[in-house]
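Below you'll find a set of structures to go through.
Shared between the two complexes below is chain A, which has chain B as its partner in the first and chain C in the second.
What follows is the complex of A and B.
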């Protein structure tokens, strides 16, 4: 029976060529092979977000009068609602962590070099999309912390020269953060970003598939992609799911107080960890440097840093041509240390 | 010489640009919400002055703008725009500092709204407060 179905499908869709392809795809084995699993973990976490996000959508009702109440309903009334929400929140954080880990491992291995420049560039855009997911999703429960985080985050956009005021209205859906902002963020979070991320992940994986894994030539050994690598990948996904569930059960996500446009920002307010380094920088910027407001300098700094990371494969060759390979390590590890230091400082202060 | 091919390509380009513009423009205009004009009231009555606790602050909506009403320990009233001039958070009165403080990035203002510490680049607008027949009345912006 099984053979009958298979041969029926094979006649029509050439399954055998797919199997042939799977047999020939290999993964290089060397001391950094473990880094090849970071991308797979990101993919898995994204799938977890899609699944739990769709489940949350069954009860979530967007609106300044209903968002907070519906999330409270999910966590307090719906069976396992607390689990779905906590898994979605924890997996979101782990996803950003693993995207960063994935990127840094690629930096360490120098896998972004020719011909894989565009894999790096699409990966950078995926990080941007994941941060946009995190920022827009954070507002959805319409609680106090989310309200102020969104006020500050969108006001930064408004500080941009020339188009700032216009962009501010575009993202907020008005002058202020209101239910209109919530609707916009909701549309972004559950429709626009998932569609964009799905397409971009597709392109990213296509690039990887067409070019094969990096360091294939210098590796002494290879393992078949299927089943050896895939099974290891799946085992790791199982570990990841368990870690998420343990975190969700023992550290359930808080809901906090409902947003109130007539209440002062609470003491100790802070953004999520992946925005802490930028936050701390804004905090320590003086009001003005050379007449230009401090936050503009801050925005300029993030912009320049982001641009440098995005274009790394292109300026990297200039450094290499001079034989200053060590500079790259100094720069990369230095940037990581500075970001980590700002994050810890932001957390402690 | 303009060849037939060049001419047609140019027409195609202009046509495509025009088509794109006629799609993008309405979408962009659609995304910008219509202006809502909410008249700024001249005054806002806040009830009996004596009931307002000393050494505390509270935010009221004055037209579109949130305003922080402060009553110091010695009983004096101050009213300041509640929106931080740094990045839009809502500030609070800190009795222990005898100042207005913003929790978001630690900005500080004195009771006249002057930015005295931290990142805020500008002072907070001051509003008039009066006690009329024992009732607290908030008036328009002074600065």
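What follows is the complex of A and C.
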């Protein structure tokens, strides 16, 4: 029966050529092989987000008068609703952490270099998409913290010269954070971003499959992708699932109070950890530097840093040509240390 | 000419407020006098009259444009000087009693203060020649007058007890009036005083809420329930319909004050209904129908209090475990509301009326307790579920590891 189905599929879709390719696909074994798994964990967490997101979507009702109430209903009345919400929130944070870890491991291994420049670029865009997922999803429960964090976050957009005011209205759907902002963020979170992320992940994986894993040519040994690497990946995914479940049960994601635009912002309001370094930098910037508002310098700094990271494979060759490979390490580890320090500072202040 | 010098010259040419209306000689001369005159000028700077554009001569008359003291402070110039205590109400009333004039400054400000004052105990005694009693300036100050909504004002709600207490707590000053001097101290420890002075609840009553502002007078026996009933309307209505009302009227008991006291009104709890130490013992003997009614009502209220506290503790415990018990808090709020209504129903002196409210409150408290219990059970279920899931996942991981080892061996 199995053979019958396989031959039926093979006739139509050339399944044997795919299976042949899979049978011969290998993964290089070297001291950095463990970093390969970070990409797999990212994929797994993204799938968890899709699955839990669909389940939450069955009960979530967007609107300033219904979002908070529906999330409260999910967490208190729907069977395992609390688990879905907590898993969705924890997995979102872990996803961004692992995307960052994956990117940094690629940087350390210098795997972004030719011919894998576009794998790096698509990865950078994926990080941006994941952060956009985090920012838009944070508002959806329409609670006090989310409301004010979104207000502060979108205020930054308004600081941009020339198009700032227009962009602010575009993002918020008006002058203030209202139900219109919520609808926009919802549309972005459940339709536009998932479609964009799915396409980009597909392209990213296609690049990896076409070009193979990095350092394959230097490795002394290789392991078969099917089943050896996949089984290892699967074991790690199971461990990740267990970690998320433990976090969801022991540290369930709080809902807090419903957003109220007339209330003053709660004391010590902060964005999520992955935006904390940028937020802290903007906070400590002087009011004006050379007649230009400090916040604008901060935004320029983020933009420049983001651009530099995105184009890393293209300017990296200039440094290599001068024989200053060490500069890259200093830059990378320095940026990581500065971001971590700003994050801790932001958390404590 | 440099730009700075030009600006300086232009600044000198601009009209100074004093220069624009001519120098105010009252200020010029009084600023050169001894400290107490300077202090008056300093305090007048923040006075509401100064803020509205009035000055010394607006109240005291005279001509502030004259540098000569004789001319400036001459009766021909309308100078009236500082009024004697007996003259103060009319002195302030010459503006404050005129609706047409006052609405220019504040359309909602009342203009009956002077009229009311003369009906007050202070006004009556002043008319009788007692110049020690309070007049306008005693409460509002003479030259630092601020609107009552300004927290710096002596008549701001939170400052009223101290303002009244400045005279009424002064045993020496009050000697001869036959009045106690512990009202302010008693008030501070009362349920109203704590709400206003400690919690800053500006809705809580101060002295003037019961005694009146400008027509200040102690409420008479018949007026007390009306005074308290301004805020405690439900209690007043129930008492008025109760069989106690006519009896107390005949005996000339102070309606609310007989049980709750005057200035030292404590937080009303069920101890008031206690058969041995409660207020009912003032008239009732143990075992008589009145005492039995009080005991029954106390039992009902105590039972409800226990149920409320148990549910409250349960919900807090569940919340401390990270559980969402919003529905429980809603139910407990219902119980709290019923509890208030049950305590109010005590004023009907009918056990059935209290029982009715207690029954609905108990049902709400039980609902809240049930929510808490379910949440705690759910908390345990989650942990058990996590344990089972962890075992299952660990088993699968071990199986996968064994399979990998098998593949690679």
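Everything below uses one rule, namely that the second predicted complex is superposed on the first by the 349 of 349 C-alpha atoms of A that agree within 3 Å, B and C clash if a C-alpha of one lies under 4 Å from a C-alpha of the other, contacts with A are read in each partner's own complex, and residues count from 1 in each chain.
Here is the rule we go by: a contact is a pair of C-beta atoms (placed from the backbone, for glycine too) under 8 Å apart; a residue touches a chain by one contact, two chains touch by 3 or more.
Everything numeric in this text was worked out from a predicted model, so none of it was measured.
When the shared chain is aligned, chain B comes close enough to touch A:285, but chain C does not.
Once chain A of one complex is fitted onto chain A of the other, the partner contacts of A:246 are limited to chain C, with no touch recorded for chain B. Comparing chain B with chain C, the partner in contact with more residues of chain A is B.
In the superposed model, A:331 lies in contact with neither chain B nor chain C. Touch criterion met: A:170 reaches chain B, while chain C stays clear of it.
The touching residues of chain C, counted against chain A in their complex, run 322-327, 382-383, 385-386, 389-390, 393-394, 396-397, 400-401, 403-404, 407-408.
Residues 31-33, 36, 57, 59-61, 64, 66, 68, 82, 86-92, 102-106, 115, 118-121 of chain B touch chain A in their complex.
Across the interface of their complex, chain C is touched by residues 72, 75-76, 82-83, 223, 227-228, 231-232, 234-235, 238-239, 241-242, 245-246, 249-252, 254-255 of chain A. By the touch rule above, chain A contacts chain B in their complex via residues 148, 151-152, 154-156, 158-159, 166, 169-170, 173-176, 180, 261-269, 279, 282-283, 285-288, 293-295.
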